[in-house]
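Each structure below is given as structure tokens.
Both complexes below contain chain A, partnered by chain B and then by chain C.
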Partner chain A sequence: MKKLIMITSVALTLTLVAGCTNKSVVRYGDATEVETTDISFGSTDLQKVAGQMTDSLLLSPVVGTLTANSRPIMFVESIKNKTSEHIDTESITDSISTKLLRSGKFRFVDMSRVEAARKQLDYQQNSGMVDTAKAMQFGKQVGAQYMLYGNLASIVKSNKDQTDVYYKFTLRLMDLESGLVEWADETEIRKTKGKEFVSW
Partner chain B sequence: MTTSIAKIMTKRSALLVAALSVTLFISACKNVPPVTSGVGSDQIAPGQKFSKHLQLHNPKLAKKLHISDIRSRTNNDLLEVNLSLTSTYKKTLQLQYQFTWFDKDGFVLEAGKSPWQPLDLHGMQTATVPGLAPTTTVASFSLYVREVPEEFFKF
Partner chain C sequence: MLTACASTSFSDLFSNYNKQMHGVKSAQQRGNFEQALTLIPQRDKGNVSYSLSLLEKGRLEYLANQHELSKQDFELVYKQVQQAEQAAKVQLSRGVENVAAVVSNDNAIRYDIPYYEQSMLHSYQALNYLSQNDLSGALVEIRRANLVQNKALKANQQAIFDSQKKMARKGVSPESLASKYPSMNTAIGEVKNGFQNAYTFYLSGVLYEAAGQANDAYIDYKKALEIYPHNVTVQQDVWRLANVLGMDNDIQLFKKRFSQDIAKGNSQGSANKQSPAASGQLVVLVEQGIINSKQEVSIHLPIFTSHGDMRFYSLALPSYQNRLRQYSGLSLSYQGKHYQSQEIVRLQSLAAKQLQDEMPVIVTRQVVRIIAKEEIRKQISRKGGDIGNILAALYNVASEKADTRSWSTLPDSIHILRLDFAPGKHEVEMNINGNKRTVNFEIFEDRQTLVKLTAIGNYTHYQSLNL
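Moving on to the complex of A and B:
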């Protein structure tokens, strides 16, 4: 009888233990949600930096004057990554240029696709496959008037209990003809990772 | 002899009962979905009183935080919004806020592209956070504030 009770107890225990094991679950998440998985540069930081810089640029009085009667043409130079992490800064510039373009205030030329555009024009002009009257002409492109460029820097500090990361993103708008910097702004992000007591 | 066996069995039974209790305790753990409701507003057009549009979906949060002001104006043809949040709580609130933008017909613009922005609101602090419409066709907006959800295990 006692043996039976023991066996039953062990079986019950095993069942209950098995009922609390981890199992992997796949879910779709909100891409715009604040993400705090770890301390490194994440999607929320990218969205925050791109959003704040775009808003600041669009609200500046200088840009108000520049865009009052025309849509200035810009090109985005790369953002220099001066942090200790690998960060895809092209993704930040993509977000900023897309937001600016969608605002209807600016137009852009894409310097990363110049070679592809040249190949296409060359094909239209010289392959003999395209009606020359309808082929796009060389030498008709419009040059950029302004250049957007910037830096992303970080300071990382840590002790045994806490890690602190500070990011500083600087963006500038230069008038290509005069060389004057017409607008500049910077935004900061501070993230800390430490131990917290959990209670229940 | 019989007494000692009985003692051992009693000890074993006690141990088993203890083990069972611990197991039951652990097995009661489960993932608790985080609270994602908050406070916010329905569609507000410039010039409208914000107090008539407030929505308090989370009374617990509404006790610690209230929307003290919502202002809007047009700047460089774009709708600019300032949202003032006041904490009535002594500790820091880890919040996130989001704006949603609508055109003149009330259709949502740039759906799913307006990110949640993190905001740390310190004890009893009032903070004003800005929002800027993504396009010149925005005529009204809504906003929502909630705590940064943390998934935790409940025993």
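Moving on to the complex of A and C:
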């Protein structure tokens, strides 16, 4: 009997100790899984915004006629962050332009890499290392016909019971020559976090 | 387990925060911010004053031009504030802290950052982002600061009323407290509440203008004007933007309120627009002095116990010195004209007003504590005889400390001045509190150049940022 008590108590202590030493575990998860760690702008929001915007753009009839016989050249201007969070809006534009490129209907010029391209051309032309007959020439790049730009705005409200965040993402496509906005759409996201009643 | 989650360092319980910060502040007064940084009382995560020590650190790093470090520390504080706000309604760890506070003192309670300190936190954070040429990041901080001020406005009135009622229920009337507690009226001055910070609104206006959002800027300049109706710089900005934006109703209203100079001065300005003499603007933010720390005062208050009899108890309460230092601000002469900066926020007054509003809550806790400690002393003396009685009495005296925690490295007063300059490089001699200083800056057409000046004692420093 005594032995039994002894064993159970040892086992109990062991489980207790094991419970307390919280070992951190590394796991792989699904990148598209809904993420609700906290209320701030997260991966699910980014994926939702980028996904809905590209779908809407690709399915719109205006864009259908634009891309019927050619692959228009676009460039992405930045997305203006008007929220009260530090959000990497470049990563939203990256997702959108990647999806559009993947659709095969558009071509892109990348304004963020102009300097690097210039350096490379300069090297080819002037370093004396590259066969001049095979070197890429300056002044042969093509200009973008359309500009993609947008805003991300938010309204945050909170009271003693909950916090509510509303995001509105607007994206527009402008014909650079005529200045006409050919397409625009917006996505909304609303997130609410209720407060727990008791916690440590 | 309990200590791990809500810990108070031993020194906090028996020595006042203002004493611990003494060395830091005298180093800051000498302009030796690196030394001040090493002297900050270290608090680890989980300590009740962790966020406060981060605030002090972030501010000193900001002064020492270590903007990246300062940004990281302030961001940590913001996370703490967020967590506290979104935490459960009943937090058991707070209960533990309160129990600890009942047997010791208020220093065992988590430091909740008051609203005026939060708005300053975001203002500094915005300036940190600006020094890294990140206007969009700075604007995020400005929007956070505005959220704080809105929240404060909503939370304020009801809270003060409720806490006064609670104090009365514990047997202390607001009148008897007011008669014993040292007055802070001079320190408070004309401030109406402890959270509305015109400086934050003004900075927000400047940054919105830099981002080309004149309408947003106008709204925030107007809010700053509500708080400081006589500040000429703000009046000029409101008048200028009202004209640019064609706010006809407001123009009629301000025409009556503002002095002739401003209303006339800008009609000339609009005439200038037709015959354009290119110009840009210089905005100077002048931080002066260091805010006072809270002090401990002892007062005797009559308290009605539950048995209905009245007894006098001695309470240790925090208070601010009832005086305001005078600052002459910034003055400069340019092209034969003399210009003088004006106050946009008096942080000392905000802090004093905040403390005055919190006083009923503090007194209520103090009364509960005194009664509990008295009860413990009785119990111990019954069991431990004379020695127990003496020990308990000694402990009660030693642990009776006021909570003097507050963000103590903030400036005392902030002034602003805005001037038009021709585009190009300039070198202007400025006079700050009697110290002469030559300031170099560059003006671009139709852009603002922000110069932030710090004047602490004989130390002056400036940084110019092109917006």
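Simple rule for what comes next: the second predicted complex is superposed on the first by the 171 of 200 C-alpha atoms of A that agree within 3 Å, B and C clash if a C-alpha of one lies under 4 Å from a C-alpha of the other, contacts with A are read in each partner's own complex, and residues count from 1 in each chain.
Quick note on the criterion: contacts are C-beta pairs under 8 Å (C-beta built on N, C-alpha and C of every residue); 3 or more make two chains touch, one makes a residue touch a chain.
Note that the structure is a prediction, hence the values are computed from the model and not measured.
Between chain B and chain C, B touches the greater number of residues of chain A.
After overlaying the two complexes on the shared chain, residue contacts for A:142 are found with neither chain B nor chain C. Once the two complexes are overlaid on the shared chain, A:180 sits clear of chain B and of chain C alike.
When both complexes are overlaid on chain A, the residue A:163 reaches chain C alone and has no touch with chain B.
In the superposition on chain A, A:34 makes contact with chain B only, while chain C stays out of contact range. In the superposed model, A:133 lies in contact with neither chain B nor chain C. Common to the chain B and chain C contact sets on chain A are residues 198, 200. Within the complex, the chain B residues that touch chain A are 9, 12-13, 16, 19-20, 23-24, 26-27, 29, 75-78, 80, 96, 98, 110, 112-118, 130, 132, 134-136, 148, 152, 154-155.
Here chain A touches chain B in the complex through residues 2, 5-6, 9-10, 12-13, 16-17, 19-20, 30-34, 36, 44, 47-48, 51, 54-55, 58-59, 63-64, 67, 99, 102-105, 198, 200, going by the rule given at the top. Residues 38-39, 80-86, 156, 158, 160, 163, 193, 195-200 of chain A are the ones touching chain C in the complex. Those residues of chain C whose C-beta lies close enough to touch chain A in the complex are 5, 85-93, 136-137, 139-140, 143-144, 147, 151.
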